[in-house]
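Look at the two complexes coming up: chain A is in both, with chain B in one and chain C in the other.
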Partner chain A sequence: MTGEPYFRKLLVYFLLIALALSFFAPVAMMLLGSFKPDDEVLLQGGGLLSALPADFSWFNYQDVFARVPFLRYLFNSALIGACIVAGGLLVNSMAGYAFARLRWSGRERLLVVVVALMIIPLEAIAVPLFYQVTLLGWRDTYWVQIIPFVANAFAIYLFYSFFLDLPKELEEAACIDGAGPWRIFFSIVAPNAKPVFATVAVLTFLTQWGAFLWPLMVTHSEAVRPLPLGIAMFYSLPPLQWGDIFAFGVMMVMPVLLIFVLFQRWFVQGVATTGIKG
Partner chain B sequence: MARVELRNVCKRFEDGTRAVRQVSLEIEDGELVVLVGASGCGKSTLLRLLAGLESVTEGEILIDGRRVNEATPQQRNIAMVFQNYALYPHMTVRGNLAFPLRMAGLSKAQIDARVGEIAGLLQLSQLMDRRPAKLSGGQRQRVAMGRALVRNPTVFLMDEPLSNLDASLRALIRAQIAQIQKRLKTTTLYVTHDQAEAMTLGDRVVVLDHGEPQQIGTPQDLYHSPRNSFVAGFIGSPGMNLLPSKLSDDSGRLVVGLGNQQIKPVLESRAYQRLLPHCGRDIHIGIRPEAFATGPERNAVELHTEVIAVEFLGHESLVYLSLSGAGQPPADRPLVARLPGRFRQPVDKAAVLHIGPEMLYFFDQTGRNILNEATGDG
Partner chain C sequence: MIATGEQENKRNKRLAWLFVLPALLGLLLFVLIPFLLAVMLSFTNLRLGSPLPLEFVGFNQYRRIFADEAFMAALRNNALFALIVVPLQTALALLLALLVNQPLRGMTVFRSLFFMPVVFPLSLVAVVWILVFAPGPQGLLNHVLDTLSLGGWRPRDFLHDPAWALPAISLTSIWQGVGFQMVILLAALQGIPRELYDAARVDGADRWQQFVFITLPQLRNAMIFVVLVTTILAFRLFDQVQIMTQGGPNHATTTVMYEAVNTAFGSQQVARAAAMTVVFFLVVLLITLLQRAVARHKGVYE
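On to the complex of A and B.
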């Protein structure tokens, strides 16, 4: 190997490692902090070694379960997330398929509307949406946290762009073989769209898992509140225990990390084929 | 098995493109008809119209006398092999073969029996648990055929099924298709852009250009009696040489001008009478590459040429020529002669070739074969 390419490769690796460390540092700090007594958490100085807990303890985790109903929050988040993902995969994939393959009047115009909807943030429509769900009497329920987020313009667009690239002959062959539109969608199209299903599932779940503003607006009882509102409880429960917050954070991140690891292969493939990277 | 009839079928797409124009065709029960033409000539569209994947703009499609214009593909009981095979990637060979039968609502025992039968016929028994990605091109092609045959379709459609295979495999599978079609006697419409495939497979061949049939006939008809210059140029490999010419009459003897050469073929009086009205008009003379001979033959006319290039193929050579002194035909379309491999004339040297008068074709300004007896569809 000659000197210049070797040096360039070394530089690239150095930059990549530095970038990876900068992403990993907050997670590591959260993980290590969750095992420290509260008075140690915010101590400065002492170099890298001081980041390690001097006295390794599960106390913060026990404290979380003692101070807030963590399992209830976890159940709520999991239920809401599962419903949004399951409903979203069904509704958005079918909408994406209808845009990509079926011919109906107003299709192009509606597709433009869907694309335009992608750039409108929740914050912009939160107040009118709040009025709407109040009129429907949905406040402080699971429904209010699920129904508005099932249909998702970004997910529809991802499915649409994936289905456009799927060979049309597969569907035509199935049609000639005697399959109707529903059978074609569920038996031929969906099984060949696993990467995009995985991508949409992970992205939707991640977005929902971190949702804070909307649940804060529409829920007030712990029975239906999700994890992000649970972690926020610590800021209003004196004394402020950073160790508890870190422990809560670790337990909140674990399920998402697990899902990502499980679906990573399909997710990466989906990101590549639907062109959402970059 | 079924009889298929197309009556004045037209297809116009939403953007105004007319892909198929006034196609009328009858395919007899058990017959194999090949649609052949260049890319974009409408042959695949015609196949899709018959399959029910596109709707007919005008005209009628009848299967066994029943109008099927509005029928869905499954109601037509048609099977189709696609150019890229369109095998379901997530299913095994067994799953692919069974899919049409599952859609037809057959019991598991019936499906297993029929799938086993077809797998045996197409030698797929060893591959039943593999997915399409793990199959070779030839194996995929056989699975696609099997999936089409498995439910005993009344009509079998094939859209360039061999175009993704290499040359040697193509010849082998072509022979297998012909064999299976003859055995099952399923009415078949086969689309290809390869005239050699069309000539070897078809009971009859339809040559399409710009969505219109140029000629419908047996391979022999198309080769020996092309209805027009398009068919003459398309059929044969290489196709027929077409040379601009003018006819004149020299006291009862027809004179054919080819560049600055004048040839006087001895023609039958009937041919002479037909050609006489075209004297003085611009026409084209057609000569098949295999019509040239190096030695004199009875009644043959001489053509003085210059050798441009020689492609030696072993037992024969393709010799590219220009007409001596005349600068014709244009450099981008030289005259091609198929001569014995022993032909050894060097490039840039003169060569005198001989052509029998019966090997000359005459096409008028519209491209019509003046001496062709046939009318109608040709």
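On to the complex of A and C.
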């Protein structure tokens, strides 16, 4: 009787470890390569993947700072991401609340419009949007990477459906006490809606952190470009030095991996919610 | 719409508008208007810097792009990419979800590991995977395949081989995205009531039967969602192509978005690029409607 579950356990672990190794291989290549001199990265490639670098050195890291304004890219990415997340949480949660709870004319019809807008991806509107921001003279700024992405139909929808399910008693009590919609929303509803705020924050952050197409279209100076463009530019910057590129990559994912480890529960919950609500 | 005499009510209505206004304004200016603009522009001859006057040209841009070899290759590549990625990624995500859902030690570690690439920006993933696909026997993938086949593998230059470039990009995309789908399926797995399995066991169903008759049907909605999202993402493919292959070799990896961006910026043909993005939107719309229909259709019988 004990033979079968034991064998199953072994099989599960074997599969998991095999998959984990193949998943981790590119990351290990990047991590180890970032400490190797260039000729070693290329010559050894996968061959000596598991071997530690012969001469462990921080040279590649120093080189990154010498060749490109890495901290500038990092700052730009962080600033743009933070503004979109913060602005988005405020604006979309308020809209979601108004759709779920407040009474105003045009509510039902506009809700249909918002749901319909959910299926328009950035790619479908990128060309005219580019034309539009060019006319506004917004190109090559932070604004152009922030403002268009603050209002988000999917975020509104997530907030809307969360607030819809929230028990009404608290709000009603506050209403009797004479609190207006502002007070009710900011001091009663929002503090009780942490999970949905966390979910939207994580999803917004994940999309914006990797943004590539839009910044590529609308920016051209390093002063405002984010990390994803930085790595692509660095890759095309001669001479091609893989050790440097890996060092750039490691530094690029470190902050976000740290955030991921700290807020893992929210990441997982946020992603799972997309499946339920989508 | 119905004017109420009460002042309080009016004030609250105005307040409600203040709640929605910022978001609605944003959506109007940066989603709805550009979208309508895309549709309108696609029926014109707009080309930045062109001396020709702006005029209405009907379906000419559409006729032209459907006669354009590169654009047709792009559509084919997107479809092919979806055909490779959607089944493989969904199956792998399901396998991973089933594995990490086992009540064994260390599963959170594995779950984090498989999810980790999701927080990697695609542009970084693309650059790193260029070296995974490095040509010659020392390239990571070439080396692994050589070892696994006990020396029978002939090293390839994956990204410059017309037959291998698109599958290579597909593999990169699966690696980055599968963790996302895994988490969605895992949540769905954990939502299946235990009683169903208990009842099945009482009826003498073995593990395989439980999987086919309980797990799979219970995962139906999550699976439909995962398939839909992956298919739409497949048509949005751009970053990896731009960085890894620039659409080559010989249009083997060009995509609708890659063509649209190059048409708009390379040759400034805004109207033509707009037509391409409208086609892209129609494909996305079609996939969404199809998914809704499938989800509803099966729902009737349940």
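Operating definition for what follows: the second predicted complex is superposed on the first by the 223 of 278 C-alpha atoms of A that agree within 3 Å, B and C clash if a C-alpha of one lies under 4 Å from a C-alpha of the other, contacts with A are read in each partner's own complex, and residues count from 1 in each chain.
The criterion applied here is as follows: a contact is a pair of C-beta atoms (placed from the backbone, for glycine too) under 8 Å apart; a residue touches a chain by one contact, two chains touch by 3 or more.
All of these numbers come straight from a predicted model, not from anything done at the bench.
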Touch check for A:167: first (chain B), second (chain C), both, or neither?
first
In the superposed arrangement, does A:20 touch chain B (first), chain C (second), both or neither?
second
Chain B versus chain C as contact partner of A:115, first or second or both or neither
neither
Contacts for A:32 in the overlay, against chain B (first) and chain C (second): which applies, first, second, both or neither?
neither
Look at A:151 in the shared chain and tell me whether it touches chain B only, chain C only, both, or neither; answer first, second, both or neither.
second
Between chain B (first) and chain C (second), which does A:206 come into contact with in this model arrangement: first, second, both, or neither?
second
The answer to whether chain B or chain C touches more of chain A is C
Go through the superposed model and pick first if A:86 touches only chain B, second if only chain C, both, or neither.
neither
Now for A:78: first (chain B), second (chain C), both, or neither, which partner does it touch?
neither
Which residues of chain A are in contact with chain B in one complex and with chain C in the other?
none
Chain B to chain A touching residues, read off their complex
51-53, 72-74, 78-80, 82-84, 86-90, 99-100, 103-104, 147, 151
Which residues of chain A touch chain B in the complex?
167, 169-170, 172-179, 183, 187-188, 191-192
Residues of chain C defined as touching chain A within the complex:
1-2, 12-13, 15-17, 19-20, 22-27, 29-35, 37-38, 41, 95-96, 99-100, 102, 104, 110-124, 126-132, 134, 136-144, 175, 180, 183-188, 222, 225-226, 228-229, 232, 236, 238-239, 242-243, 257, 260-261, 264-265, 270, 273-274, 277-278, 280-281, 284-285, 288
Note: in the complex, chain A contacts chain C through residues 9, 12-13, 15-16, 19-20, 23-27, 29-30, 33, 41-47, 49, 91-92, 94-95, 97-99, 102-107, 110, 113-114, 117, 119-121, 123-132, 147-151, 153, 156, 180-182, 185, 206, 209-210, 212-213, 216-217, 227-229, 231-232, 235, 242, 245-246, 249, 252-253, 256-257, 259-261, 264, 267-268, 271-272, 274-276, 278
